[in-house]
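To keep things simple, chains are lettered A, B, C and D as they appear, and every chain counts its residues starting from 1.
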Amino acid sequence: MLLYAAIFLPFAAALIAVLLPSDRLRPWLIPVTALIHFSLVLQLTATPTASAGSLIGLDALGRFILFVVSLLYAACSFYALGYFRCHADWENRIFITALLTFPGAMTIAAAAQHLGLLWVAVEATTLLSAPMIYYNRNRFSIEATWKYLLLCSVGIALAMLGILFVGYAGLHGGGEQELLLDRMLASAPLYSKPWLRAGFVFLLVGFGTKMGLAPLHTWKPDAYGEAPGLVGGLLAGGLTSVAFLAILRSVQIMIAAGEQALVRQMLLALGVLSLVFAAIFVIRQRDIKRMLAYSSVEHMGILVIGVAVGGVATYGAMFHVLNNALTKGVLFMTAGNIHRYYGSKRMCETQGALTVLPYSASLFLAGFLAITGSPPFAPFMSEFTILRGMFAGGHLALSAVFIGLLVVIFIGMGGTVLPVAMGPHMEEAEEATDYRETPLTVASPLLLLAAVLCLGIYLPEPLRLMFTEAAKLVEVAP
Amino acid sequence: MNTPPNLILLFVILFNFFILGTSRLATCIRSVALQGALLSLLPLFLHTSTFHTYLLAGGAFILKGLLMPWLLFRAIRQVRIRREVEPRIGYIPTLLLGALTTAGAFIFGDRLPLLPAHLHSLFIPAALATLAAGFLMLITRRKAITQVLGYLMFENGIFIFGTLLAEAMPFMVEMGVLLDMLVAIFVMGIVMNHINREFSTLNTEQLSLLRE
Amino acid sequence: MTPTFFTNINGLLLVLAVYLTGGLLCLISGPRARLAHPLGAATAAIASALGFIATLPALSAVAPQHVALSWPAAGVDLALTLDPLAAFFLLPIFLLTFCGALYAIDYLHFPDRSWRAGLHWFFYNSLGASMTVVVLAANGLVFLLAWEIMSLSSFFLVTHDYQEEKVRQAGWLYLVATHIGAAFLFFLFFAASRAAGSLDFASFTALRTLPADSALLLFFAALIGFGAKAGLFPMHVWLPDAHPAAPSHVSALMSGVMIKTALYGLLRMLTFLPPIPGWIGIAVAILGIIGALFGIAMAATQTDIKRSLAYSTVENIGIIFLGFGLWLFCLATGHEAAAFLALIGALLHIWNHSLFKGLLFLGAGSLVHATGSRELSAMGGLLRRMPLTGSLLFFGGAAISALPPLNGFISEWLLYLSLFKAGQDTLAGTAVLFMLLAILLALVSGLVMLVMTRLLGVALQGEPRSQAAATAHESSAVLLIAAMLIPAGLCLLVGIAPQLPLQLINGPLIAMLLPNFAAADTTLLPPFGPAWSFTMLVALALLAIIVTVRTVRRRAAGRIGTWGCGYLKPDTRMAYTAGSYSQFAQDTVFCSCITPTAASTRSAALFPPAAQFRQERLDPVLTRWFLPLFRKLAEQAYAFRRLQAGQLSIYVLYIFTTTILLLGWSIMAP
Amino acid sequence: MFIRLLLHLLLLAGLSPLLIGVITRTKAIIAGRRGAPLWQPYRDLGKLFRKDMVLSSTTTWVFRAGPVVGIAVPLMAALLIPFGAIGAPFSFSGDLVLFVYLFGLARFFTVLAALDTGSSFEGMGAAREATFSCLAEPTLFVAFIVLARISGSFTLDTMFGTLLANNLQTVYGVSLVLTAICLFIIMLAENCRIPFDDPNTHLELTMIHEVMVLDHSGPDFGLILYGAAMKLMVMGTLVVNFVMPPATGHLLLDAGLYVAALLALAAGIGLVESGMARLRLIKVPQLLIGTSLLSFFALVLLLR
């Protein structure tokens, strides 16, 4: 019941937003919705509601992803208030409606126990995010939107084909042809292997495009780069997590069918490729938001590698989903502040932010350290766990490559982030702008960073359990 | 081999080549629409006549055969373009590539075991070939509108395969497919409109400001 | 709290708590610099003083003390162990943290409403805490965690004056170097944990049975990873930039103790690894002596006082590695007497270097503060204007030049003895090598003398070379002097009574590192004892009294300017500069690659404009090896940028290709 | 031990100016002059100590400390070596390192005392001194190492023994002869004698040691001269100990022989100085490096 409430709440709020005539009042819907949604999710995570045979229900994975998404959304919602206050004269009906519907679609995706439903929800998120990316209404944002839309549509269509393939594989098993997850998992060993494999490839490519695994990630830098910081954070932290969930669902089926080996190799290949691409493109990256996008590619790679390696690394990957989401939130929101202050997101035009935007810039810097896996932030712990799994699995060469690429990415990102935060003071920018930091634009990232820091030091037992249970579903014995 | 579905599928494959080889936008749109309309007949031949089947066929016909071409024609009227000038890869090579991918589709299709009911049907190769043709359109053409057409062919390919499973799949998913396609085309149409306003062209070559 | 409760690892937990509380309070106090400044300094000083007291007994305690705090988030315990090896490194850490905190109270000035005081002390405290944990860690995770925090804290301390371009560059170089080093350490600990079964150091003893090639792999990972932090040639490149960039008390802390934690890590790993083959020891020793020669030669060409000191750190690390290498070789070949001498010499040198380098950096900081420049050419004549600071610097310079009876001499003496002993005991080929090493060590110490006389002579003596130097005056701050007096006093103490530190070292610590050697064998050592102390004390006292009496009784009547050899108006621009002082050595002794590169503008025009001449003293390893390498790599990476060319259709092609390839794979896969 | 200590100090203090006198006298005789009396250095010193002195206003306590350390170091170093048959008052394993570094102490102070004046000439001399010592010190070490390797002892007192005489015919012979030559050259270099430096010239641009003490006067200068003489004697003793160890076993006889040998060495130095000119400054490092190589060659021969 609560679950349905969590699904319909955002849609109801969106409806109100459409009907509400005031551009000034409308933003207030966001934090209200977000907080109610989050409190619903908190209750949901406390009480397991997985029910066999229904379209909608929360298993451990879904609960976990839902928690991540809702938490991120709640934290970002206050930032949205500050954001719209800066753009008080802009028409925001479509944007806010999309923004409000967004968690609804993601909730459906997280709760979907049916591949078709999952697909519909993911497709819906694609379409909903398009107007949000286009919010700035200039040449760049239209280009980014176009690319995002087309590439993700292609990807999502491939995923559709993948679902059909898997369904057809099921027909061979003679079992129920339904795309209900628990039935599929039960009958997976009987599936036709060639169909299943081909289906998995389509699913992997399809949802991988959505998730942003290299070389399917090409829309990412454009979309993240042109979207408002808030949207970038939601996409990089929330939407990718949902896409990751979709991939995990297909992995679940493959594992149930006894096809671990292929899954692991393919995931490893894409994961390492993602790290390589990210490493190549963050070197001397002059655009801070595009840099964050490549960092997102990197972390998708890490997640996938974690799942591929298996064992304790799977747990690490689950932990990393949360860490990545929260940290990306910090980074995109603070990058948004910096962007707004300087009117640019080129590194050479945004230097010395620490003097003029002390909070945003220091949070940006801390977020950079966190995302690159520096202690005492939580990503350090999760990456550490993944590495531990790697060594436990005996992937010595892989781990050497992994560590090496992480170092390259650290250096590449640092080369951009440090000048932005600590570079020489730029006076001309100060005169040109009227943006000032307000509690609203700083509180959200601060909150998220505090969470990231706390998680690095102390992981609450319920969360740990949540990760463990989620990991159990997709864990392959190393 | 001579069953009606196979005949339809053969035509669909021929349409693929035709679309890949033509330069006139209006012809392209018509052909894609015709291809869609042909495909919408498939469920009727394949499945027993239920409400569900009719709905699927009717919905597909309306969407693919009527609504989509209407939207696209409106779009090209607005921007006043007639033909795809200078595709990235010429028409003849594209056709050759199309032949190659179609052959690949047949070969790959052979490796996938079919249910007894579907033996000797062209469903799998036709679906994959149409998919690949859609990909080729997306890769070789420069105009936003032809890229949308490519995407539509892509969807057509999936639809071919989907009809095989139409019975097995719950109703809502199927509607989801169609609905999503509608919305996707709709959103793409809006975006195309904006592109045209911003760049006063639908040539996507212009859309490469965001790069490394 | 009884003393017995306190003077053990519990006390160290308390110390950590004080550090962390202090750091956090500073952070929370926000822009209230007037609050954060004394608060941070006080907590750092209190914590380190407590830590020193708590650690002292552990150095000679046989049984290690453990404490483990449960840490479910990480899946491992926060395990700490205090054993003699840890205590050995903890003592200088606490000592210099204490001195640095005292020093900074008067050295740093913050505007009233500034975040920087709070941030500085936050990072200072966290550096102190993380260094403590690095040394205490009994688990790979805890070690790496603390290690990374240590690197980051020190990075932020280095970039304290981040508005300056040079400081930013230096900080960045440091961050990159330390991160690359850390990558090797990650590999090291994970690979070790794989062999040992867990990340606990207690289980690492299983590494003893490792096959030789894996052990070598681990050893090299450790050497590179720790070497990068320690400033081992050729991974020292960050060091000469980072030390000058940092505030002086931070330089003292980094150079004096932070880089020593890398030596600790190496020693700790060596206690786990199976015996290392002898040739590795020789290689390490050769690397060490090359580093020492390179470092000191570079130090001789620097005109930045702190940069020169930083290169001298490279030299000292080289000497320590020379000792380590010798120890490893002799251990492998069974020459235990020489191994003992080498080890104890290297260990003592670690302490000694902490003391005199700490002193020198603090002193140099005072000079920089007084003259507003780090350039030697802006100083001069400061001994007369700042007699206390100058004399203390003088003292530090004498100590680092290994002059008897100060501490530097003692450790170098032991190293010479070990080299002689090894040369005596081994066969011809290796013996020649050790003799050669001894000779090179002598060359190094000769060069140290050159560097230090140059530094002291140009900065402290003669006439002021700048307006600022002419008006410089001794700071009235007591703490500034006190912070320098402590290491200076210890330098003297170690020199006069070497038996005291040697007794501390030559106990359980030596037993850990030299298991087969009967510890407490002092017959190999020079006769340090009451007689030595007495003699040195008498000699020193006599000298001091004579000099003092003569200085006080100098007749004022005969005072005129320095004889100008016939020049009527010799002015300070004619005085011998730092550059000219080392020019002769540069021309005759050094190879050309380390001489400064000169850039001059010459004009052939009829009315030539003002010409410029500028010398750059760049690190050849950095400019010739690393920078070109990294540039090359970056360019290679840049070539791949074309993959993301902005064309949508290409992107679709990627998706298409990926699909095809994966489909093919799925068919081919068994 | 106390008696030996006193004896050492007295011998050193009493005898060392005489060596200077002998050198000057020898040079005078070779040059065909009568020369000053042998005890002229004593007179000079006495006169200097009675004089007043002029101090530069630039100087500090370091300037005054330089001469004191300059004389204290040879006094201390002398205690580590035997004077002929009179054994060293202090002797322990490894004292050779202390011996070398004590002279380092003296150099440190001399150099800094020179820099204390702020004069560029003295700075020049200081730079040269510091540079040359880098090259000279290793050679001394090699010589010691050779001796230590053969004798198996790290003690200056017992290291020399009768090595050269006994081993001249053995495989060690060549090494020992080479080492002896090196020791002699090092003695010249360390004491700033021709061909390295000329204590009599006053052309600032070519001098090393003399230019460093330009500003010292009166008692300070006396201390410096006295210290230099003592240093010459200490270094000379090394050579004498090596080439002509006490052989008769009779204490007095040996002492007499030692003094005679020392004076002969001084005369030898005089001969060398008369026989050759001062090297060009730029050639000095070459000679020093050559000596180092020679001594290292001795070492290699020894260990081959």
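Note that in this section contacts are C-beta pairs under 8 Å (C-beta built on N, C-alpha and C of every residue); 3 or more make two chains touch, one makes a residue touch a chain.
Computed from a prediction, not measured in an experiment: that's the story for all the values here.
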Graph distance between subunit A and subunit C, where chains that touch are linked: 1
Centre-most chain [mean C-alpha coordinates]: C
Chain separated most widely from subunit C, comparing mean CA positions: B
A-B or C-D, whichever has more C-beta pairs in contact: C-D
CA centroid of subunit B to CA centroid of subunit D, Å: 100
Separation of mean Cα positions, subunit B and subunit A [Å, integer]: 31
Inter-chain centre distance, subunit C versus subunit D - centres from mean C-alpha coordinates, in Å: 37
Rounded Å distance between subunit A and subunit D, as computed from the means of their C-alpha atoms: 79
Shared interface positions of subunit C, touching two or more other chains: 641, 643-644, 648, 652, 655, 663, 667
Residue list for subunit B, restricted to those that touch at least two other chains: 111, 138, 147, 204, 207-210, 212
Residues of subunit D touching at least two other chains: none
Interchain pairs in contact, sorted by label: A-B, A-C, B-C, C-D
For the subunit D and subunit C complex, residues of the former touching the latter: 52-62, 64-65, 68-69, 72, 76, 90, 92-95, 97-98, 100-102, 104-105, 107-108, 111-112, 115-124, 126-128, 130-131, 133-138, 140-142, 145, 148-149, 152, 154, 204, 214-215, 282, 285, 292, 296, 299-300, 303-304
Complex contact set, residues of subunit B against subunit A: 111-113, 115, 127, 131, 138, 144, 147, 151, 154-155, 157-158, 161-162, 164-165, 167-170, 172-173, 176-177, 180, 183-184, 187-188, 191, 194-195, 198-199, 204, 207-210, 212
Residue ranges of subunit B in contact with subunit C within the complex: 88, 104, 108, 111, 132, 135, 138-142, 147, 204-205, 207-212
Interface residues, subunit A side, partner subunit B - complex: 114, 116-117, 119-120, 123-124, 127, 130, 134, 138-140, 142-147, 149-150, 153-154, 156-157, 160-161, 164-165, 167-168, 170-172, 177-179, 192, 194-195, 198, 221-222, 225-226, 281, 290
Subunit C residues within the subunit D interface of the complex: 380-381, 383-384, 387, 390-391, 394, 398, 401-404, 409, 412-413, 416-417, 420, 423-424, 428-429, 431-432, 435-436, 438-440, 442-443, 445-447, 449-450, 452-454, 456-458, 461-463, 524, 526-527, 535, 539, 542-543, 546-548, 550-551, 554-555, 558-565, 570, 572, 574-576, 580-585, 588-589
